[in-house]
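Order of writing sets the chain letters: A, B, C, D, E and F. Residues in each chain are counted from 1.
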Amino acid sequence: MSSRVGLNWIWQSAKAMIVTGKHLFEPRTTEGLRPAESRAPRYRASFALVHNEHGEEACIGCKLCEKICPSDVITVVGGPKELSEATGKKRGTCTDFVLDLQACIICELCVQVCPVDAILMVREQEVPGYSREDLVLTMDKLYANEHDKALYWGSGSALMEMQNPKKEASS
Amino acid sequence: MNPIVHALVIGVPLLTFLMGGAALATWFERRFSGKMQTRWGPTVVGPAGLLQPVADALKMMQKEDIVPRAADRTLFNLAPLFPPFLVIASAAVIPFAATIDADGAVKATGVVADLDIGILWVMALAGLMVFPIWVAGWAANNKYTMLSGMRMVAQGISYEIPMVLCALVPVIFAGSLSLSDIVAYQAVHGWNALSLSPSAIVGAVAALLFFLASLAEANRIPFDIPEAESELIGGVMVEYTGIKFGIFMLAEYLHTIVASALTAVLFFGGPLGPGPAVLGLGWMLGKTLVLFVLIYWIRWSLYRFRSDQLMDLCWRILVPLSLVLVMLSALLVAGGFA
Amino acid sequence: MSVYEDLQARFDLPEVPPEGEPALVDVSRHVELAGALKDAGFTMYVTVCASHFPSVTPKVKKGQEPLPPTVEAWEVATVLRRPGPNSEAFAWRVRVERPVVPTLYELFAGADWQEREQYDLVGVIFENHPDLRRLMMPEDWDGHPLRKDYAIDTRVAPWR
Amino acid sequence: MTEFPPRVDPHFDIEEYDPEADLMALNMGPQHPSTHGVMRIKLFLDGETIVKAVPYPGYLHRGVEKLCEKLTYVQITPIFDKHDYVAPMTNEQAINLAFEKLLGLEVPLRARVLRTILAELQRIASHLLWLGTFTLDIGGTIGGGASMMMYTFREREMILDLFEALTGCRFHYNTHCPGGNRHDVPEGWETVVKAVLDAIEPRFDEYEALCDNDIFLVRTEGIGVLPPDLALELGQTGPVLRASGVDHDLRRDAPYHAYDLVDVRVAVDDGCDSLARYKVRVAEMRESVRLVRLLLPMLPQGPIVGSKPIKSLIQFKAAAGQVYVGMETPRGELGTYLIGGGDQRGAAPYRCKIRPPSLHAMAALPYLLPGHFLSDVVTVLGSLDPIMGEVDR
Amino acid sequence: MQEQWVSALVFLGLAFSVPLSMLVGAALVRVRAKSNLEAKYDTYECGEEPDGPAWVRFHPRYYIVALVFVLFDVEAAFLFPWALTLRELGTLALVEMFVFVTVLLIGWAYALRKGALSWQ
Amino acid sequence: MTAFAVIAGIILASGLMVVRSENLVHSVLWLAVTLIATAVQFVLLNAPFLAGMQLMLYTGGIITLMLFGVMLTIRDEGVDIPNPSEGHLAGAGAALAFLVPTLYAIWGTPDFGPMVDPITAKDIGSSFLGPQLIAFEALSVLLLAAMIGAIVLVRRKDP
């Protein structure tokens, strides 16, 4: 059953060495850390909280994202209801929003359920830090990400639309 | 010339060459394998990563020295002294240059000590090589190093037989144990492994086997069973830290250089080649380099044997084959073909 | 005649199994059924799943008599499979009030680790198992984590 | 019919072994370069021959089954990416198949075909990683094995790029949900897939050139022989089972997704050893390439989710019911035994037992290792392709 | 003659100075731990407590290999002077050595048949 | 002459350590030192071929054999258990009893005078294939017998 070593492996080895030798003249494929531009448009890495079209902080503190997060990394403290200057309607506010990126599994569920498209993902990764606190995204950091980092394509409503497209002529 | 002065004049450059070569070998191996695997290898330290060996050496020097509690302290600390010593010492008899005598005969020079038992010197030192490594494995009192050490000795002694027997082939041709005599013989009769004479066939096979056996002695893939890191983690070096670990690695890289140089001298004419004798050093280094690259090419292309298959290959095929080669070369000499 | 019909008569299985729900078999026929299935071509041991049903007091609606608490029970479901084209899985479960169920190790060597795992996590003891040790948890672990009454101290992650 | 050696008794009492021999008890792992994660095997060696092997899994146990009882059906999918971190896509699919059966959800055809394509791409990626690490075990991290690993990883990267274009993540996608998929195919994705397949296919010949070598053959042939009856008893599935000569593949034998639309050619090998497992996996990669090529034009128009898209934590509820659903992942049958009606008013499972193919593969080790050498441990272990995250969960 | 050996001896000293200087140099510059954990000096066994000693009795096959090696080494030792005299003595040396090697090959064949050289 | 004395001192000292070492492996390694020092002595005596052989056969071969022998015989307790030599007096007596005839033989040997021509490998070869031919061929049979005997003795019984 078990074959034994003969000397013919020397010839077979030559064959293997030709393959590796061929690769000596092939271009190198390894890259450094990939910049976000070369990533796919849907690439998601970190989070941002955004302002809505009226320039208000979009989050209404509804805690849907806090509840759906499988690894419990989001803490939302809802604020009092305030009158929106732009629309003139009452809306919820958020006084504190903390996202602990250390335990985050980038599952996108918080984006998926957000009713007001307040939380989005960004295409650039957070820089590794020196302490555990460096990777805890506080509200300030999340709002800073809106401007500092490239936002990705989707939002809660964009994802909804993708999953539930307008009725077309179905095949 | 005063022998002490002679030893220093040739020995110090040789030592520099070996140490620099070994340092460059680590860089070369990483760049070469990187290229082979379509990646970069070291690029950061120095131009093209050339200062990487220096950085590595400095890093290893700084590391804390840890001796396991259960180890045999004395032997554990003494063992790293010997592998590089033995490898470097065996290079003492290898001629690196050539001159032409007044009577037109080519003479190999550039040798620290042209002993008349040259080959025996190399073989004896190579045979001793297994002990420091075994002692390192034993002294660490670790099961992995112990197994590795036992494998090392078993493999080392087994492959010494075909190595010695194949080294006998040029000895039989040249009728001398001195490496410079072997070079001189090749100057007259053509390279042992590469010429038009019928003896070259025997010589070529002997060169192949000798090269394989030296791969095994140097613990290179496909024969790097003692250091098989996928099962034995780090071979005998598991418990060594810092520079002691580095010394074992250094000995390995030195071994590849010395093995290539020795193969070049025994079978490929050493410092011989077309052109004036002054080029001898260049020829020798060039041949060594080619064989050296071959060792690394083999290493990054092949998988490794299992210990039993290694022994099987040695005792079932290499030993009888090399005995046959010895007999064949004796026949050639007696028949006047060489 | 399908395997199910054949076994139905022998083992008192329900007429048609509820959609996807494995049939309930008496624990005394457990090993026998496994043997019969193995002979019928179900030679692949797929999985065993033990689950714990603690004693609960049903909620009482207004105006109803308070119901007695349910009896604490363990269920062990076993799945076997017939390999090859038109492969078919067969699952059944046994319900016991004491967590002791006979082992299938004699029939299926694979039951060794699977039953060890269930013993480890749910605490069902498999009788005559050759080597019933914990598989996943450390050997000195207290309790069986997948029991419903196993206390989880806090939901806060330890690094917070 | 080949003769198989008698079955090893895994509970062999080591005290009964030849008293003349001094056995060495060697711990291989948990911190070892080639145990594919953190696993410990305690080996009893006579010289270098293994007399008894006792694996100790559990170093990576994260209590996923307990977690499943707390999380709802919506939240479980991203958690499931984490056990088989080499093939997360099929993991998500396996758990969602079970959810769909328990919850009675219909999956639209577009999602089914897309899932099939993703599963096959994932199979290629997973087998490529396996090939790289397997040869790494045989050839050494500093040697030919590393070269092979670099090549396979290069190709695997291409497939991960495809997944990234589709889902936005390279590893932990969370692209499936009960009743369909969350991400639709981006524009031009099909052409990229075709280009990647064209680039990958000729590479298989290169791998075979590197492995068609006596050294590889003697290291794998006759090593870790798993007879078919034992393989079935141990619950081996996937390539391990098929390499033992059992013609069984859920893709063909109990079709799910859109496998009923295509004709799956199942690779079977009678060798029963590590070499056969290598051959089966390489053949499966080629077959997967063929299947993806077949399925790409079949991708119909239409919705990708059958139910409503996820909008809340407790969107899916099941009061009771018990189901077992198995699916063929790259490593074999990843099954889920699910009991409905748990926490959150029925939105979480009551009990979720995962049947990881790797755990069953690991259970074969005590049978396969005795009689072999220490060096063969890595060969046998590598050929079984266990992912410790999946073994321990 | 002796001169060469003096050179060789000097070179031996040079060769020995290399690892020695490395060890001494490292001893001068290396880091010393301020506090020491006991665990640091444990024997490494993949992170587990070592089970039994490493210095156990080894399998006799190692011994056999060493024995066969010694015998072949002795044979090689005799081959060296023979190789040097071959050109002078010619056929006589050839025949004599053939007898010598054949007898040893019988031993090799015996060892092979008895499985002493195979690792199984 | 000085070198000779130094080497002889090393030989004696390491020989003593072979006996005095409480650890078997240490003993074997001290023996290796003795054998290497002997090889150096051969060089000093103008017999380089013998020195090479000494290194190859004794240090390379015999020490390996002894190490493996040690690894083969030790039991569970390991070799770190002190294993002191016993019967010092009797040992010394035996050594003396060996020394006396050796010294007698040395004195009885006529003085060759200083060695001028080194003993080359060639000389040894001619003497093997010439005057010592019978002994040489008998040696091969001896080696064969040794190999067969070793294999028969060491092999573990087939189960």
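Observations, loosely collected:
We adopt the following convention: contacts are C-beta pairs under 8 Å (C-beta built on N, C-alpha and C of every residue); 3 or more make two chains touch, one makes a residue touch a chain.
Model, not experiment: these values are computed from the prediction.
No other pair of chains shares as many C-beta contacts as B-E. Farthest from chain A, judged by the mean position of CA atoms in each chain, is F.
Distance from the centre of chain C peaks at F, each centre being the average of the chain's Cα atoms. Centre-to-centre spacing of chain A and chain F amounts to 74 Å, using the average Cα coordinate of each chain.
Centre-to-centre separation between chain A and chain C, using Cα means, comes to 40 Å.
Between the Cα centres of chain D and chain F there is a gap of 60 Å. The set of chain E residues touching two or more other chains comprises 1, 5, 45-46, 50, 52-58, 62, 65-66, 68-69, 73, 76, 80, 83-84, 93, 101, 111, 119.
Residue positions 48-49, 53, 56, 60-61, 64, 67-68, 71, 75-76, 80, 120-121, 156 of chain F each touch two or more of the other chains. Note for the complex: chain E touches chain F at residues 1-2, 5, 52-53, 55-58, 60, 62-71, 73-78, 80-85, 88-89, 92-93, 96, 99-101, 103-104, 106-107, 110-111, 114, 116.
The residues of chain A lying in touch with chain D in their complex are 1-6, 8-9, 12-13, 15-16, 18-20, 23, 29, 39-44, 64, 67-70, 105-109, 112-113, 121, 152, 154, 159-160, 162-165, 168, 170-171. The touching residues of chain E, when paired with chain B in their complex, are 1, 3-8, 10-12, 14-16, 18-20, 22-23, 25-27, 29-33, 40-46, 50, 53-55, 58, 62, 65-66, 68-69, 72-73, 76, 79-80, 83-84, 86-87, 90-91, 93-94, 97-98, 101, 105, 108, 111-112, 117-120. Put simply, chain C touches chain D in their complex at residues 19-22, 43-47, 49, 51, 77, 79, 81, 83-89, 91, 93, 107-110, 112-114, 117, 121, 130-131, 134-138, 145-146, 152. Residues 7, 10-11, 57-58, 61, 63, 65-66, 69, 101-102, 229-230, 232-235, 237, 241, 246-248, 250, 252-254, 321-324, 326, 333, 335, 337, 339, 350-351, 353, 355, 359-360, 362-363, 367, 392-393 of chain D touch chain C in their complex.
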